[in-house]
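Heads up, there are several structures right after this.
Next come two complexes built around chain A: one with chain B, the other with chain C.
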Partner chain A sequence: MNKVHSNTLYWMAITGVLFPVLILLGIFLRTVQAGGLAPLQSWFYPMMTLHGVGMVGVWYVAAMAGVSQMLTRYVEPTPLIGRVAIIGTLLGVGLLLACVFFGRYAAGWYFLYPLPFKGEWPQWSTVLFLVSLTVLGATWLLWSLDLLRAIAKRYTISQALAWHYLAGRSEPVVPPAVLITTVSLIAGVAALLSGVVVLALFYVELFAGTSNDALLMKNITFFFGHTLVNLTMYLGVALVYEVLPDYAGRPWKTNRIVAISWNCVLLIVLVAYFHHLYMDFVQPGVLQTIGQIASYASAIPAAVVTIFGALLLVYRAPMRWNLASILMFLGLAGWAIGGVGAVIDSTISANVKLHNTLWVPAHFHTYFLAGLCFMVIGYFYHCCQQLAEQPENRGLQRIAATLMVIGAYGVFAMFYFAGAFGVPRRYSIYPAELAYGAKYAAAATGFAAAFLLGFIVYLAETGKRWLRAVRAAP
Partner chain B sequence: MRRIVLFAAAALLSASALVHAESTSADGQLLFEQKCTACHTIGGGARVGPDLQGVTTRRTREWLSSFIAAPDRLIAARDPIVMPLLKQFNQIPMPNLALAESEVRTLVDYLEAEDSTAAAAAPPVPAAPMQQPSLIAPQSTFLTLFLAFTVVIAVVFVWIGLSTRLPASVDVKRAYGIRRVFFIVGTTAAVVLLVATVPLAPYARAGARADRVVYVAARQFDFVFSDEPITSAADLAQVPRIANLEVAAGTLVEFRVTSLDVTHGFALYGAERQIIAQTQAMPGYFNRLLVRFDEPAQYKVFCLEYCAAGHHLMQAQVAVNQQERIGP
Partner chain C sequence: MCIAAASPAARAGPPPPTTRAEAALAGRVLPDIELTLADGRRARLAQLWREQALLLTFYYRRCAGTCTPFLEWVRDAVGEVGGLGRDYRVLALTIDAAETTADLRAQAAALRLLGRRDWLFAAASEADVAHIAGALDFRYRLDAVTRQYDHNSLLVGIEQGRVLRALLGTPEGSARLRELVWELRGRFVPLYRMPGRTPLRCLTLDPRSGQVRLDWGLLVLVLPAVLAIGIAGLTFAAARRERARAARGRTQ
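And then the complex of A and B:
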């Protein structure tokens, strides 16, 4: 086993520990909203912040870890940079935990300017949060650049983006996973650089006392946050492109349509973030319209090329169903269903009724939890099983998948229904007029617990293979 | 003559005392709003810190003054009143606001005046939880559309998954034909939806004229309504506020919404307690939100952009009354 593979095993352990803890935080949030745990109610917003930053971060690094490992089939990422990514991420997480638990920092995962400076938490916890993000951002930027370097060593940029397929040539062969990873990493570098800019502006205000423009800061923040979340999703899709054909016994290759599709995604993902600013009426109208066009446009390559392609791959294939292939197939369904919720919300005239209601966490939980998470944990199981080669307990694997699906979609349903009624997201307690929001929150805790149970079964199945793989490591 | 002079002097003194009392109260209110409302209310319930209604009856004036002037000193001295409060409010200490002695005095005077007013008034009745209403349009359409698409996607995935029980080769050319149709239908639907929905965007056009303009200044954690712009905390003392916003049914109101601190949301919930319109309240900008209030009811405003510990308490009301009949 090479060092990149051993790094991946570390990332699996980190994900396996952090994810259940973050699920528990999610259950805590919904329990407080349901009217329970009253003595801990004041921890709601700090825990909401930790849950949000944590989930976005965990799934970004998990997807990056999966892709780093997958790329070794074609290129050579630097193992040392992979190790630096682990250390940097753990350091950033440590700082984050300190600012939330000791400083009660609670400005939310996207730290909308100028809230970090104007909350009830002490200034030092804001500084610690910014330092934490700086460490994470710098680490992830380095990691992304190293993967791009590795790709660039074997392919030219035009080849990695499959432009020769647009001209009708199919040599050199570029696997779809390399194309999608390249697209995602370029978008990722852009996102992380914008993160650097927004952090620099925060530091300037902090130390020089100059104030920033709230609209500009919001634009940069959402360019960073939206793009990072989207590219994380695409990294998961890259893993599916790479692995699902192994189970279907059929190839899934790059062709002209796939090349056009993913090059369009690169352009679209960079401007779709405008939909986060629909309710800022002072934003120029043309940007709002571009936001809706880009949001609609992003659905077309996803649905017509990737999801259709995946369904075609599986249709009447001699499919080998196990935990990996089941989860990846379910992940595509989650991506599609979450996409529908997202497209509805990205319509300006609908957004005015849904913005910042529970409809928003509804759709991003759908494509993150039932989409990306399923894809990545499916891939992790696939890797562990390849290394351990243990007999599989199909019954247990189906139980794990079933519990996670029932739990996840139950959680989402509670979000969607309450969101349609206008129940706000990020309320620790609902006002009398919207008190029925508590009923949905209470039901959601039960579904989340079912998901957690399913994930524990998954962990048991994957964990024993992981242990064997670790023992086999040099 | 001497009597008249004495009477005039007494009247002058009383008048000046009255003016002084009023100005002290106004100064106190302003100071309270600028320094205290982020964490405290008076009769509005606990936020980050306790509700201060009745605080002057629970604590001595001396203790209150010393705590407001230097809370950090009392915390360091492990004051027996402060420590249980600190525990109750999750160890979030009150910061030292570096207030001048005169400001502390003004604040304590204001709290005392508020307590004597509250003592004369009837106690507030907490709002009872309300039943869930029926879902209104267009929200019901969004939910129905979403559920319909979800069912279709689920059916397709189940069908494809089950198809693997009978493996067979696939006619790829035919599949690509289906994909072409899928692409054309999907793209056409997207374009039609765009053309149909973009003109429905809620943005006020340049020449749009409303029946009434209301300025809204959002701040942690309430909304201030006024007929004049409020662009800074200092304006709060200069600009007359609308204590109870009332409009006649059928009125087209333009809300010019800004914020005095962080970004807030300004979401109007109608008679069915569901969102009818919203915009953001952003520091440094005025967002123009035009709303026609068709139905007489008590409309609520909630903040929908997370703005710190009192976010869920941030609300206001708009009373929409039956339009008065003109003529006999």
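And then the complex of A and C:
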């Protein structure tokens, strides 16, 4: 096992601190929706903004941190850039906290134009939010480019994208994790550049007084957000491809099918975001069709190939089940289950009913919380345990995993049922016609608390190993 | 925050709710009132809109302000956009109940529109004018000193007694009017052009055909992906050159 770089250990600590806080914000949101905490209801939308941006941001950096660590097995990322990424992220988070807590900025994680300019918050908090995203985007773009540079130093582009496997050759050996990471980083650069474009257009309107085209802004915003979230998922999957074989005692190699699949993902992920604009009737029909096809197609290479590969990996294998392998395997399951919810919602005729209902947060919470989160925290535990080599308390680890699974899927179920019954998303208080939405919210609060408890047990198990790893780190 | 305070958006205050007011009018049902036309005929408003779609505007003859320039702009713009007479008619309704048919004809003559069947100049009773103005949120107030009406400019597309679209104030250029007129001509226009300058658009309306066409803004959607692939290519190419240079250095 490679040494765990100190940057990775810092990221683990940052994730371990921020994630429970963001979970508490989520519990706050569902509690308000359940009719509780009446004096704090006016904070619903600022906290929803913080929860959304925070979760997407934390899991993006956590996945990038895991991948940066994982890549050290093959290439040499620049430690200084890794440190700049930490500082830049913390700075961006600080600005975000300021605009939300002092300015009550509440345009949501989508920051969908023209809402940032139209709310009841002061204009300076909108500017601060945009600056926060600028800092985060610039930092992460630099980080992504450095990882691409590191991969490029060892592999040619055709090797990194495993094109020689398409021709039936398997030399040089390219681990699946390098292939997936390369695909994800290229998509990530595209996503972050689109973030640059949308922020530039916001700034132009702010300082020049021009009006932006709402359709263009929505397209670019979702290109940025959807692509970023999806590639974050793929980074988590890269970690699983890398580590799960160690526990199965079998290799998980790149082959022609894996190479085809992930090269297709690179193209598909860049156009699948159109499914966010199905209800915008002014969007040209050809883009809606592309979005429909791409959304369905994205499931096959990424999920189907990976899921079958993982099942074959563990089937009748001498699996060593511990917190790392359990969480990683469960993460793949969560990704698949959430993906089914996503594919359903990405069907235009279904989207007509489900659009902007709680089905939408249901699916992305599923593949983010029970998918990506499990994969990444499983990897973090794996890294710490490899260094600490402490005896493992299987019972406690199973309790942690069980609580997190029950809690997470309980939260999702409440979202799915509510969404299926037409409860809209982003309502802080449900009117009389939607009173049943409050009951789902109340139940979800309990499940979220169970998840948090399970995560605390995970933190305890991983934390003591983390401390050992800190002492052993270079 | 200094930057926020310095920006034009901040100095100007909140943007005027023009588009919100226009959107609020869409779908409004108009009252049927009795009109007196410039040739002296009496007609019901409902009769006119059943015959053909109408482009309604308000004015008054004694206006020392925007009325005549606005009507001139409407005259020129609808001529440019096309479809007048065939698909719709313009109805200019005076808000001054004291105006006579002679005043209506004088106004039409001043605009070189006298005798045109596609331009109707009309008057109504004070109560009826107030009724229809109220239905369209059109505010007008007589200044007791100057005896001039304080009012805005409003263009409303009417089809079968309902508002299709409205334009509030004097539009910059005829682009927004085109969208309204094409709707009057029976084509569904999914666009709603905002007031002010928009540097990049995804879609635009072809004024001649009324078709929605792709515009340069769509290229912006492609740009990030193309740049990302380009950057990746350059990164790998630079690394390959570096390896080749290192290899040459070793052999030498």
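To be clear about the criterion, the second predicted complex is superposed on the first by the 468 of 474 C-alpha atoms of A that agree within 3 Å, B and C clash if a C-alpha of one lies under 4 Å from a C-alpha of the other, contacts with A are read in each partner's own complex, and residues count from 1 in each chain.
The working rule: a residue touches a chain if its C-beta (ideal position, glycine included) is under 8 Å from a C-beta of that chain, and two chains touch if they have at least 3 such contacts.
Owing to the predicted nature of the structure, the values given are computational and were not obtained by experimental measurement.
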_Do chain B and chain C fit side by side on chain A in the superposed arrangement, or is it a clash?_
clash
*Who does A:A299 touch here: chain B (first), chain C (second), both, or neither?*
first
_Contacts for A:A187 in the overlay, against chain B (first) and chain C (second): which applies, first, second, both or neither?_
second
_Looking at A:W321 after the superposition, I want to know if it touches chain B, chain C, both of them or none. Which is it: first, second, both, neither?_
first
*When both partners are placed on the shared chain, which of chain B and chain C touches more of chain A*: B
*asked:* With both complexes superposed on chain A, which partner does A:W11 reach: first (chain B), second (chain C), both or neither?
replied: neither
*Once the shared chain is lined up, is A:T289 touching chain B (first), chain C (second), both, or neither of them?*
first
*Touching A:I220 in the superposition: chain B (first), chain C (second), both, neither?*
second
*For A:F281, select first, second, both or neither according to whether it touches chain B, chain C, the two together, or no partner.*
both
*Location of chain C clashes with chain B - one stretch out of 134-142, 170-178 or 206-214*: 134-142
*Where on chain A do the contacts with chain B and the contacts with chain C coincide?*
213-215, 281-282
*Once bound in the complex, which stretches of chain A touch chain B?*
42-43, 45, 104, 106-108, 112-115, 118-120, 213-215, 218, 279-282, 285, 288-289, 292-293, 296-297, 299-300, 303-304, 308, 311-312, 314-319, 321, 329-330, 332-333, 336-337, 340-341, 344, 347-350, 352-357, 359, 416-417, 420-422, 424-436, 439
*chain A contact footprint on chain C (complex, rising order)*: 1, 3-5, 7-10, 12, 15, 190-191, 194-203, 212, 214, 217-218, 220-221, 223-225, 227-229, 231-233, 235-240, 242-243
_Quick check on the complex: what are the chain B residues that touch chain A?_
38-39, 48, 89-90, 92, 127-133, 135, 138-140, 142-143, 145-146, 149-150, 153-154, 156-157, 160-161, 163-164, 166-170, 172, 175, 179, 182-183, 186-187, 190, 193-194, 197-198, 200-204, 220, 261-263, 265, 267, 269, 273-280, 282-289, 300, 302, 304-309, 311-312, 315
*What residues on chain A touch chain C, complex-wise?*
117, 122-124, 126-128, 145, 148-149, 152-153, 156-157, 160, 185-187, 189-191, 193-194, 196-197, 201, 204-216, 219-220, 223, 270, 281-282, 284
